[in-house]
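As structure tokens, here come the structures.
You will see subunit A twice below: alongside subunit B first, and alongside subunit C after that.
Up next, the complex of A and B:
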């Protein structure tokens, strides 16, 4: 069977979750591979959420928030930018491809953009193939 | 953990969900989950029978948690929270799985959509099992309101609130009230005088004991939350004053499109090419003249200047078609032997009385010519011996022919666009703008004047192009919403906020600086931080940053999010 990536999306309530809803009301089609978890702000996203998603078998993690300067909480997304940079370093050290985790800005009016981001990310992950971490973790604990 | 009795309700939303997602299959697999006591599907969960199904099940089956797999929680979460309250459960014991906007409406493959809907629903079952009962916060409601913008919308909102015996601060940046309507002569389609409409409102507002007009003033800062905003206003002299208000109505209106951006019409270069507002001002002075002071014999009105165009604004500005017809009447009555041509793309006569007005206008011997969206008419100056100033070439759509018409005065029907400071205003009052720059309402159909910030309302053309009746209706709607809150005396705000476990807090103060609302206080004696819940807006930035894991985001705890993660994977 062809590889179908599983992507977890963490979307901020005010811009991106609303943008994803707009894609829905506008009936803009995009790949079914994304499963969305709503948070109030991307600044709520603890890097461990992303690591846990990958450890539990997600092939990719998409974080979407308001455009810089347009955050419902003034500057939450700037905090996310900084955390994301650190997270990328951590992923690198863990041997996980950086492109499995992606940060994108999607406003409440960008339903089309959201669909395009999901499409593009799904293709990227499809190209990378399955995330091996879960399998490796299982093998690792079996050895012990 | 064990021992929850969860009810799961999968909505078909008529056929909106059921056409793509096999709801029976979702019900079947979710029904097998450990703590799920009952799983059902129903045509419309949000309907009264749908809600009653939940309420009865809670009582009959002793449910303690509920999941509704249906539309976006942004749509019906309040509905189901209310239903749970009716059933005697804490309203935060319901979660919604978004299987419509984020599933059935965006996927074609029924198999995949059904699988995804199952995962999304499972995630919410996992989360709701870990939800905690939360109490809503009650805060006193300040009865005063700040109205930003003294145009017809702001004036109407202010008067409606003042008539309800409440204080209104009416902030207007110009030195006069009236806004764009003050620039008009007559209004379409009934041709009544804009001056009459406005002067009565302005007189009433300036004399009203409950209205404080603040001219040449601007809002420069806003803090707080619904019921308790502090707004800093600066007046023309540079003096600043802090106003305590419970609600804010943004009525900042629009500005007209800059006609010189459409190069083809030569606005700003050719003397007798003017904008609709310039014609309006000529009409108000009773003098429709060419630049050389003579009467124009041929007058041409061109619709959709800046509107419905890929290059400038994609939207329709809504008022220009009827305004153009109004000009046809006004020009004809001022210069009876003139020839008026009207160049339109489509004639939008959607409002009450507008179609009748259109019919009447065609009787005034106006020549209507239809041009194409992508074939802007072109202008050239007439030669010396000609009896007109210019010629316009139009690719006429109905006849399919290229037509050249003589003209002395070209009137460009400029569209509406967001004001140059709309981004700044949006940021000040914490609301969003759409792709064109208009302010975004809470829900386009069901909640058109509220915004994503509780207590901040939008009315009139700052939300999108609008005529006077629609603007006035929105102004009154916003006032009604505010008066309802005021009459309750206090408001219940969301119980979702962050809290610090004093035992775990190490007093590092990392969170103190992170909070954009200064909601975190530090106790110097105990060396601990704590959150002022009424000021916290629940973004969760501090939660993710706390190195001790001492801060809990209520309703979005680590445990709840982890459970959701396991559910979707």
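Up next, the complex of A and C:
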């Protein structure tokens, strides 16, 4: 069976979740590969969530929030930019392809943009192939 | 238990020996231990053979302190043996608790380690390169040595552990408290982290804390620090916000950032991810390029974040192929 990426999407309540909703109500088609989790703000996304998603078998993690300057909580998304930059470094050191985790800004009116982002990310992950963390960890304990 | 001496064993897996020294660091208390207990196995300090342990009844030992991570089949075999023979098995020190410094080996691979240690190493004479293998034929017959695992594990990855004593090494007061508790039979619920606080190092740190805004990170030797002010506020990396206290804040008090040896706070799964959150959010910039420049000043952040706990983290190891 052909590989179908599984992408976990963390979307902020105020912009991106509404944006995704708009994509839906506007009948814009986008790949079904994304599983959306709504959070109040991208700053609520503990890097632990991203690592956990990857360890549990997600092929990619998409984080979407309000455009810089538009955060409902004034500076939540700025904190996310900082964490994301450092998280990219950490993922690189742990041998995980950087493009498996992506941060994008999607406003409440950008349903079309949301669909484009999901489409693009799905193709990127399809190109990378499946995330093997879970399988490799299981193989570790089998070796012992 | 006054009529019968406590039967104890101390063992080191993949360790530096510092935890054993920490037991000796209890000074004259060690003499009380000798009064109180029969030390049946302690490879670093006393005689005692594995066969002696094998001959014991199951549960004959009252207490086994296991320090060190699980790196090879011998470490695991003795962990299993001590588990069987002991009423209480304690993971003693960061390595057995979280993987510790040996756990940093999970950033690389077994092949790379073998290459560095036995092949590509300037101290090895040309023509004298040999990589150890579990079984080899020599003139006297077949020799067997423990097999080196693909990666490092913490103790409770391989056996059931009753208690965890964190620290690299655990503070002498903790060692005393643990031995006394076992002697008196006053034990906390199984699985507890013993001899440590449930709060972060920052809670016990006496430095003044206000709003943190960092434009540049420094190594401790690069600036003259103010000993009254939070290290992180001065741009010196400190794992205090993501680390369990109980150590007595010894590192920050001497001017060094906390290194995180007491491990994550209760209910935190991944100490490195929490430290990432804390450190990143104090960066004083909203511009991705500037943030990247500021982060570039941090030498090897990932190893800092998982200095003592890579095998205990969510990803457990690097996946670079």
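Details
Following the convention adopted for this analysis, the second predicted complex is superposed on the first by the 143 of 144 C-alpha atoms of A that agree within 3 Å, B and C clash if a C-alpha of one lies under 4 Å from a C-alpha of the other, contacts with A are read in each partner's own complex, and residues count from 1 in each chain.
In this text, a residue touches a chain if its C-beta (ideal position, glycine included) is under 8 Å from a C-beta of that chain, and two chains touch if they have at least 3 such contacts.
Computed from a prediction, not measured in an experiment: that's the story for all the values here.
When the two complexes are overlaid on their common chain A, residue A:16 makes contact with neither subunit B nor subunit C.
Touched residues of subunit A, counted separately for subunit B and subunit C, are more numerous for B.
In the superposition on chain A, contact of A:46 is made with both subunit B and subunit C. Of the two partner chains, subunit C is the only one touched by A:144; subunit B is not.
Once chain A of one complex is fitted onto chain A of the other, the partner contacts of A:94 are limited to subunit C, with no touch recorded for subunit B.
By the touch criterion defined above, A:122 lies against neither subunit B nor subunit C after alignment on the C-alpha atoms of chain A. By the touch criterion stated above, A:79 is placed in contact with subunit B and with subunit C alike.
By the touch criterion defined above, A:24 reaches subunit B but does not reach subunit C. On subunit A, the surface patch touched by subunit B in one complex and by subunit C in the other comprises residues 46-48, 52, 75, 79, 83. In the complex of the two chains, the subunit B residues touching subunit A come out as 72-74, 98, 100-103, 105-109, 112-113, 115-116, 119-120, 123, 427, 430, 432-435, 440, 452-453, 496, 514, 516, 537-541, 543-545, 553, 556, 558, 561-562, 564-566, 568-569.
Those residues of subunit A that touch subunit C in the complex are listed here as 46-48, 50-52, 54-55, 68, 75, 78-79, 81-83, 85-87, 89-90, 93-96, 132-133, 136-137, 140-141, 143-144. Interface residues of subunit C, counted against subunit A in their complex, comprise 76, 107, 149-151, 153, 157-158, 268-270, 272-274, 276-277, 279-281, 283, 285-286, 288, 291-292, 295, 300-303, 305, 313-321. Those residues of subunit A that touch subunit B in the shared complex are 6, 8, 13-15, 17-18, 20-21, 23-25, 27-30, 32, 35-41, 43-49, 52-53, 56-58, 66, 69-70, 72-76, 79, 83, 107-110, 115.
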